[in-house]
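Read through the structure below, which is laid out as structure tokens, and then see the notes.
Note that the chains are named A, B, C and D in the order they appear, and that numbering of residues resets to 1 at the start of each chain.
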Amino acid sequence: MTPLGALLIRDMRISVRVGGGALIGVLFFLVVVALMPFAIGPNLLLLKRIGPAILWLAALLASLLALDRLFAADHDDGSLDLLLMGRAPLELVVATKALAHWLTTGLPLVIAAPVIGLLLNLDAADDAALVLTLLVGTPALTFIGMVGAAIAVALRRGGLLLAVLVLPLTVPVLIFGVAAAQSAFAGAAPFGTAFTILCALTLASLVVGPFAAAAALRQEIE
Amino acid sequence: MMAAIDHLPFIVGSYAAAFVVIAALVAWVTIDFRAQRRALADLEMHGLTRRSAGGPAQRSIEGAKEKA
Amino acid sequence: MRLSAVNLTCQRGGREVFADVSFSVAAGELLAITGRNGAGKSSLLRIVVGLIRIAQGRLILEGGNPELSIGEQAHYLGHQDALKPALSVDENLRFWTGFLGGKGADAAQAIETVGLRDLGDLPAAYLSAGQRRRLSIARLIAVKRPMWLLDEPMNTLDAAAQDRLTALIRAHLAEGGLVLAATHGSLGIAGMQQLHLGEQDR
Amino acid sequence: MALGDLANPSRFLAFANRAIPWLGGLTVIVFAFGLNQAMLAPNDYQQGATVKIMYLHVPSAWLSMMAWAVMTVAALGTLVWRHPLADVAAKAAAPIGGAFALLCLITGSLWGRPEWGTYWVWDARLTSELVLFLLYLGVVALWRTVEDPARAARAAAILTLVGAIDLPIIKFSVDWWNTLHQGASFGLEGSTIYPTILFPLLIMAAAFMLLFATLQLAAMRNEILRRRVRTLRLMRARTAS
């Protein structure tokens, strides 16, 4: 088994075991979406109009709130020292950890989104556009959030700090994710443009995130 | 009668959903039962080689004590 | 293989932990690092494996693999056991073996050596402190690396396990390995070098 | 510690082993009879054949509430009497109750689709059921997060009791919220229930009740075994050198 393969399997295994919290992100997503109509009102036309925005915001919060233990757990039990000493480049190590995190937290959100979309009166076309944007956009959230997780690794109130640090950085993803999801039915802006920019943002975060997170971990570990 | 045909997919869908949910519950309970019994049998094997004194009855009481 | 340090200085949070520490350890030798609490024993080990930046001085490794850093050729046994409670004993060791570039068969052998074979399928959460320590020591045997850096390795081990660790260290030295150990007590190994940190004039 | 407490899990296990096949068999028989009656029952003059969904929807709703009641009693058992069997009962009931709440939501939206033209409206009853479902998921997540069963049991018990107090308030609030927004005042209970419909409904409710009892017993048996496995494993780790 290659070092990174071993790490991927280990991280995914931990998150589905007792105490792992793989599905808590989806649960959070569901709760946030279910609460919205209580604040906004049950008007189905209105919910349909703002549905993609609600789902995107909920997905954003769900994927970021689950991130704070990404490196902190390994820091607390000494695993991080050994991960830093491995022969695999640290950038790839953190990218692998983020991938494992996305597979157990982000991907379930994407899979649950169409069902939860039903609650907001989204039809099949809206759902398809939404799932597509989430599938492309949530990796960007994880890989941007990973930088915050690395910066906050040794801090006690890391979870809150993480949200404060990272949420502003996710503004572009949110803008183009919601734009692409909404243009599918509202016709506000062409789907292709927004979606292409969203893809570009994700690719950029896949490159920048690991380098920034690795650099932050090297600083923080001392 | 026309209405019945119109809405038939929803009725069938409901009963199918009920079947799936109940089947999933039964499967969960059954598979879990098998897994726990296998784990217990495994432990008995280990336990019998190392501590021949305490029989199964003895252990179940200790199990209860742990919980209380 | 020879690992030398020349006038190493360590600073943490603006405070100087130790200054001008020099040593030289060759293959087959053990360096015992002693000193009171806070003298910087752990910091010295972490500097050597690259987990703390060197403030001043140099670290030189002769005869190692020039493409790898010192940390990548060393095992570090810190205060924490680097185990995940949710994973079983086997899964924990297999992960570190795989990650550090060893083979699965070696992991099975190592579990046997530290006497945890019977507990292989148990979650690490159920282990006692001594058992966790032994599982973490198994890592050193499962993957071959020439340098061992051990931070208070005898902590939490009972007499039998201490003897076993001593034997493992001896075997490692005999194979041409090199050991740096921060320790309070004796490691029971003849002919070890000593490095005393802090208050050397007293 | 009373001797009865010690023996109880073992005695319960023996009882469950004997009772589960009988209960399971009875469940199948009553289900067969109930389904037969449901198929023979006349259609509603307003809702047509979709009324047949009611035979699943209403019993699921009842059971999803009953399971919380079971958990509430068990929570009292955990907190007041510290009875280990109460922990086990509470843990077993949560996923089952959640599954019935889910079934109630699915059948509710399938029933509503022909009426409303959409799978989901924020109807007061369905919405309350959705909140109940979310609470169940929360309890299950809590059980899955804490490894030590005794600690998990106490935390889940407190959450269950707070939920039991909050559920009527939630129901009231959702009703109030729903009437505030005039838009969605459909409601599934438009028609009076005639005896021809009531009888199959009661049979189906009995079948669901039996199903719950069987599943609950089986899940409790699993949980007792799981704890025994855990205890034995801990002992093994302790007795090993």
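Everything below uses one rule, namely that contacts are C-beta pairs under 8 Å (C-beta built on N, C-alpha and C of every residue); 3 or more make two chains touch, one makes a residue touch a chain.
Note that the structure is a prediction, hence the values are computed from the model and not measured.
Student: Between chain pairs C-D and A-D, which one is joined by a greater number of C-beta pairs in contact?
Tutor: Of C-D and A-D, it is A-D that has more C-beta pairs in contact.
Student: Whose C-alpha centre lies nearest the centre of all protein C-alpha atoms?
Tutor: When every chain is reduced to its C-alpha mean, the one closest to the whole-protein mean is A.
Student: Distance between chain C and chain D based on Cα centroids, please, to the nearest Å.
Tutor: 53
Student: Quick one: report the Å distance separating chain A from chain D, using the average Cα coordinate of each chain.
Tutor: Averaging C-alpha atoms per chain gives centres 32 Å apart.
Student: For chain B and chain C, what's the span in angstrom between their mean Cα positions?
Tutor: About 45 Å separates the centre of chain B from that of chain C.
Student: If you average the CA atoms of chain A and of chain C, how far apart do the two points sit, in angstrom?
Tutor: Chain centres of chain A and chain C, defined by C-alpha means, are spaced 37 Å apart.
Student: Do you know which chain A residues sit against two or more other chains?
Tutor: Within chain A, the residues that touch at least two other chains are 18-19.
Student: For chain C, what residues touch not just one other chain but two or more?
Tutor: Each of 85-86, 118 in chain C touches at least two other chains.
Student: Quick one: which residues in chain D touch 2 or more of the other chains?
Tutor: Only 147, 233-234, 236 qualify.
Student: With touch defined as at the start, can you tell me which chain B residues reach chain D in the complex?
Tutor: On the chain B side, the touching residues are 3-4, 6-8, 10-11, 13-15, 17-18, 21-22, 24-26, 28-30, 32-33, 36-37, 39-40, 43, 46-47, 50-51, 57, 59-68.
Student: State the interface residues of chain D toward chain A in the complex, per the touch definition above.
Tutor: It is residues 109, 118-122, 127, 130-131, 134, 137-138, 141, 144-147, 174, 177-178, 181, 183-184 of chain D that touch chain A.
Student: Would you tell me which residues of chain A are touching chain D in their complex?
Tutor: 18-19, 21, 23-24, 27, 30-31, 34, 37-38, 41-44, 118-119, 121
Student: What residues of chain A sit close enough to touch chain C in their complex?
Tutor: 1-3, 5-7, 9-10, 13-14, 17-20, 76-79, 81-88, 221-222
Student: Across the complex, what residues on chain C touch chain A?
Tutor: 12, 46, 49-53, 68, 71-72, 74, 76, 78-87, 91, 94-96, 98-101, 104
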